[in-house]
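Labels for the chains are A, B, C, D, E and F, by order of writing; each one numbers its residues from 1.
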Amino acid sequence: MRILVVNVNTTESMTGAIGRQAAAVAAPGTDIVPLTPDFGAESVEGNYESHLAAVAVMEAVRAFPEPFDAVIQAGYGEHGREGLQELLDVPVVDITEAAASTAQFLGRRYSVVTTLERAVPLIEDRLTLAGLAARCASVRATGRGVLDLERDPAAAIEAIVACCEDVVARDRAEVVCLGCAGMADLQARVVARVGVPVVDGVAAAVTVAESLVRLGLRTSKAGAFAPPRPKHFKNWPPGRPASSS
Amino acid sequence: MRILVVNVNTTESMTGAIGRQAAAVAAPGTDIVPLTPDFGAESVEGNYESHLAAVAVMEAVRAFPEPFDAVIQAGYGEHGREGLQELLDVPVVDITEAAASTAQFLGRRYSVVTTLERAVPLIEDRLTLAGLAARCASVRATGRGVLDLERDPAAAIEAIVACCEDVVARDRAEVVCLGCAGMADLQARVVARVGVPVVDGVAAAVTVAESLVRLGLRTSKAGAFAPPRPKHFKNWPPGRPASSS
Amino acid sequence: MRILVVNVNTTESMTGAIGRQAAAVAAPGTDIVPLTPDFGAESVEGNYESHLAAVAVMEAVRAFPEPFDAVIQAGYGEHGREGLQELLDVPVVDITEAAASTAQFLGRRYSVVTTLERAVPLIEDRLTLAGLAARCASVRATGRGVLDLERDPAAAIEAIVACCEDVVARDRAEVVCLGCAGMADLQARVVARVGVPVVDGVAAAVTVAESLVRLGLRTSKAGAFAPPRPKHFKNWPPGRPASSS
Amino acid sequence: MRILVVNVNTTESMTGAIGRQAAAVAAPGTDIVPLTPDFGAESVEGNYESHLAAVAVMEAVRAFPEPFDAVIQAGYGEHGREGLQELLDVPVVDITEAAASTAQFLGRRYSVVTTLERAVPLIEDRLTLAGLAARCASVRATGRGVLDLERDPAAAIEAIVACCEDVVARDRAEVVCLGCAGMADLQARVVARVGVPVVDGVAAAVTVAESLVRLGLRTSKAGAFAPPRPKHFKNWPPGRPASSS
Amino acid sequence: MRILVVNVNTTESMTGAIGRQAAAVAAPGTDIVPLTPDFGAESVEGNYESHLAAVAVMEAVRAFPEPFDAVIQAGYGEHGREGLQELLDVPVVDITEAAASTAQFLGRRYSVVTTLERAVPLIEDRLTLAGLAARCASVRATGRGVLDLERDPAAAIEAIVACCEDVVARDRAEVVCLGCAGMADLQARVVARVGVPVVDGVAAAVTVAESLVRLGLRTSKAGAFAPPRPKHFKNWPPGRPASSS
Amino acid sequence: MRILVVNVNTTESMTGAIGRQAAAVAAPGTDIVPLTPDFGAESVEGNYESHLAAVAVMEAVRAFPEPFDAVIQAGYGEHGREGLQELLDVPVVDITEAAASTAQFLGRRYSVVTTLERAVPLIEDRLTLAGLAARCASVRATGRGVLDLERDPAAAIEAIVACCEDVVARDRAEVVCLGCAGMADLQARVVARVGVPVVDGVAAAVTVAESLVRLGLRTSKAGAFAPPRPKHFKNWPPGRPASSS
């Protein structure tokens, strides 16, 4: 099966890291296709950038020329999953939700350890809408931005480990989710130092997507994710004339 | 004071109707400026179109060349308000939330009467995130799309009135919010036939925005709506070269 | 339009301060009428006094001899708003709810900074019943009573500012509501020292009441606030013989 | 032990019925003292009357000249219990809460069957604040007012039985609470016809109050119910000069 | 009346202490019968032991050869109450729920002070399912196991008192529930040192059970607690051949 | 990898069906081992039987003589998962939770279609404790018992299909979970007739368990699921002398 793994920012090196993490856990026979959006921010840290990423991810998926079996939206706490579910019949998996669902099988309460404070509300809101907030002990920030993870991985790991210890001690977390797709590369080194299970969203999402495909399950079209109605779009997609989609 | 009232779709006649409704309730001295996005769908009915509208509204506001005191996002149940709040210091008012807040002053439970079934989940989610769901009795659809409101207002009014009666009788609603910016033109005729208060979101949002400006209140920058960090954008905004914003 | 602004305690100087704050933000053409109840406590700090205030406010409004367009109940966290809504067709605005509704347009989470610890449960309960608790980060007390605000404003301001800083730092509040009508006079000096928006309930309530009147909206009579049934009262109102009201 | 059972309305015959119901279940050695407020409505059906009843009940208890061990507020869904708890060290039991607590020991979900539609919001709000709403299946009205219960008991019983059957069938209620102190007299006849446990709030409250007294438990003074601060009251209580209480 | 009070563990001395506590508060004429299960753990501290206790308690009650009027399950936060309710028509009272219900009549928020950290999730879950969590301020552990209470009561009391003070100061608890049946013997000494009401679950459960019996109320058979269907059991109860029950 | 799939009842033919369903979806290299408990009810339909099943499943797993990588508890809405998690380091997956988690990736709201009315509360409670209730639209019963599924599959399918249509139409469900392990055999025929995704819990649990093993994730021992403390057990396990485990 083929799974598209779509980065939400335009930094190709991060797409590469996400793709490697996905491929590392994929089952034999799964073809992981990492995608980078054509437009948007080099890192997504806040609502403006996240709304833009939502659109860019949808356009990247729409433009993909070959068939595929599932899509993973590889941004933590970002907007847009619902839109992809309207556009597609195949399963769409958000890494925020895959991580939380996975964590819930491992312990009674989980926390998310993320990058900047400004990511916290976005993640909280996604978990609330996804119905996955009841067992969330906390969402806490390390204070290090998305691109800092690549620039100084050693410092990032120290900050993440300290935050993991904090959520276990203060918030009674029993499992930690790494709250940024860019942390995928660091997971192994964090796990080695933290005494509770650590879930990477990209890896979790790959197994969820594979599972849904193997079970023959597809996105329900009976309600929230019915296909868009045919209608006129003005100046969209960028660079094309007006069209009915 | 000047208030931008931004339509979420690209249908100019609807922008006109929204602008007229806003101007009709504006205080003396308030300058209502209706805006239509440069790109997007002719009507917003679902997540894909709503995410796109979120971006289009933000770009429309960013491109506006003169100062303004507040912004109204005139789409019911649409994404994007949080992004505008990051970009701006002036108050940003979503009509979904303005209508619900207003309704809560008038009765113990309110319902939203909207267009299509597919709008219901979007509105429910917005109300949940806005902390305005506890007193929402129901969100119900008339089954008539956004553009149907203009095409056949008489039929739309019949459907809206029937739905209003339904939410009062079945859901114990005491107040009804008209759940589409495009219903603004119809409000007077609906009010005349329904025995409970009927709130139009555009009108409500104008008074909220004016109130916030008069009170000297601005969007908090202390948490969720801190300004975006400076960073590189690729291929955005459309038609411009890459830039740091 | 004429708006009654009813103090909940019997301290005339506080009625004066509330009236001045209301008049300062009222639109041209709005006539603010401050009222003091005929009976009750010199300050309302707890349930016994609050229940009594509820009744006293209702009797003060019933006894007002001229027409009016809206009523503001100027007590923070006090009982009684629902009773007024039964008695009246015009809008009734509680400052607790006006402040919270206003705060929600400015940030994702708000806190209330109030007087004594004993006020905290009352405010929490009002916000819960009003459906405005979901985004409330905390209700915290300065430890200074209602009448202390007049007696030593400088000390009150220090205590309020310290408490505001506390809720921003510890509770992630992005907006602060001043949780006592008696704080209206102090607002300007608090705002100058706190880095987040500060909402005064009296001022907020004036703009809400004006907005509802301008929009032609009145209290719904379809459910919770239907007019009282005609019936016999014994020894009430005080000083009058039994009567059917 | 002596337990005051305070009617919330001024109809003496209803006080009598409540007192008989209480005495019928009281343990040997318990002295039931029924009280009628000195002022207020002949029946309490709505917020205005309920706020007034809250004050009248408190004054009736304050004026009682002898010692007592507990107080029962015998109004369903009425305001005021918190005020009594401030004024007293002995236990205060609201029949709404006693009925719900009792019902929860008997089945997984309970409903309340009450008088008029207008009582429903009051009862719902009391249960919410009391933390007893999670297992409440519904609060439904028979459409018969408080005084109708005395005037035509046979018709009242038919309406109550029909409503009980309705909540069992439609709302999956497993237990029913009779939602009006005035239904106490009718309980035996309702029980005989309904296939689920039926709880009368007055009877339940007597056993709760006796239990608390026997266990030596008193109202906590550590938070919400700390005694009122000494202060000046104007024109209160009625007929007395101003005093510091 | 006869009330069975069933210990959840197999330590006879603890059954004795529980029985004494129950008898001390029982009304004249109440016959308290303490029971110890035939199988299970010497102390119940965790899910495995709690599930086993649930079964052992049910078998102990089923094997009791004489009639009885109510059953008390004297384990804090343990599984199994629902099963007993299926098997019996008489009232079944769990001490976790009796304590919480009682506490709610005494203050606005209560905390539970229990033994080990591992008991906290069990108690939280029981309170959630019982619909008694809304006013629970916290469940906190002293760090001392069930059997430590008997081994070193003086140290246990110190730890409990310290934890009580902590929940009052940090969690705003106004009432404390002693979260272990084995704490029954210590209650008097704790009460003497803590400034808020302290509720022992065993004592509370006795008064609840007596109350339900006196009111003639029995477990509802209309839903969750309908009697088990007749069916074949394999190798159960232990030591007996297969049978249809 | 080896996964134990444990039936909760003692009907071997049902264990067989569950095992076949599990094997049908298992990945190459996964060894599915179906287990039947040594004691308990022929079908589990209620709390008494479910508590017993919890213990029987735990003993069956403890008695399994060889290593294994994960355990699936194949009972819908049954007790006991938490106990297994204490006893084991490997992942434990309850089919109730696996089905709900899977459903949440496919639609905004899911319903559970189960056997008898008496199963509904058990399933609701499991979903609540698992933090998976927020998006549950309803749990509804077909009225056909567990063993009826084997006895008359055609009638069972008709009843299930009708119930599926009902939850889509009335409860706005977008996905349906088959709420009984015994429905595994019927899934294919139900799917063919229902227009929304249909999730079988056994199949879902296999993919969840495989995913957790592949990701190297194990049950957290940091909180709720810490290993039981060593202690003395009386008369347990059945047929063995007392022992310290």
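Basically, a residue touches a chain if its C-beta (ideal position, glycine included) is under 8 Å from a C-beta of that chain, and two chains touch if they have at least 3 such contacts.
The shown structure was predicted, so the numbers you read here are calculated from the model rather than taken from an experiment.
Repeated interface: C-D and one of A-B, D-E or B-C share more than half of their contact pairs by residue number, and that pair is A-B. Distance from the subunit B centre to the subunit F centre is 45 Å, each centre being the mean of its Cα atoms.
Rounded to whole angstrom, the centroid-to-centroid distance between subunit A and subunit F, based on C-alpha atoms, equals 28 Å.
Rounded to whole angstrom, the centroid-to-centroid distance between subunit A and subunit D, based on C-alpha atoms, equals 53 Å. For subunit F, the set of residues touching two or more other chains reads 108, 121, 223-225. Following neighbour contacts from subunit B out to subunit C and onward until the ring closes gives B, C, D, E, F, A.
Contacts from subunit E toward subunit F in the complex involve residues 10, 38-43, 45-52, 54-55, 58, 79-80, 82-83, 85-87, 117-118, 121, 125, 128-129, 145, 223-226, 228-229, 231-236, 238-239. Subunit B makes touch with subunit C in their complex at residues 25, 27, 91, 93, 97, 101-102, 104-109, 130-135, 168, 172-175, 195-197, 199, 203-204, 207-208, 210-212, 214-215, 217-220, 222-225.
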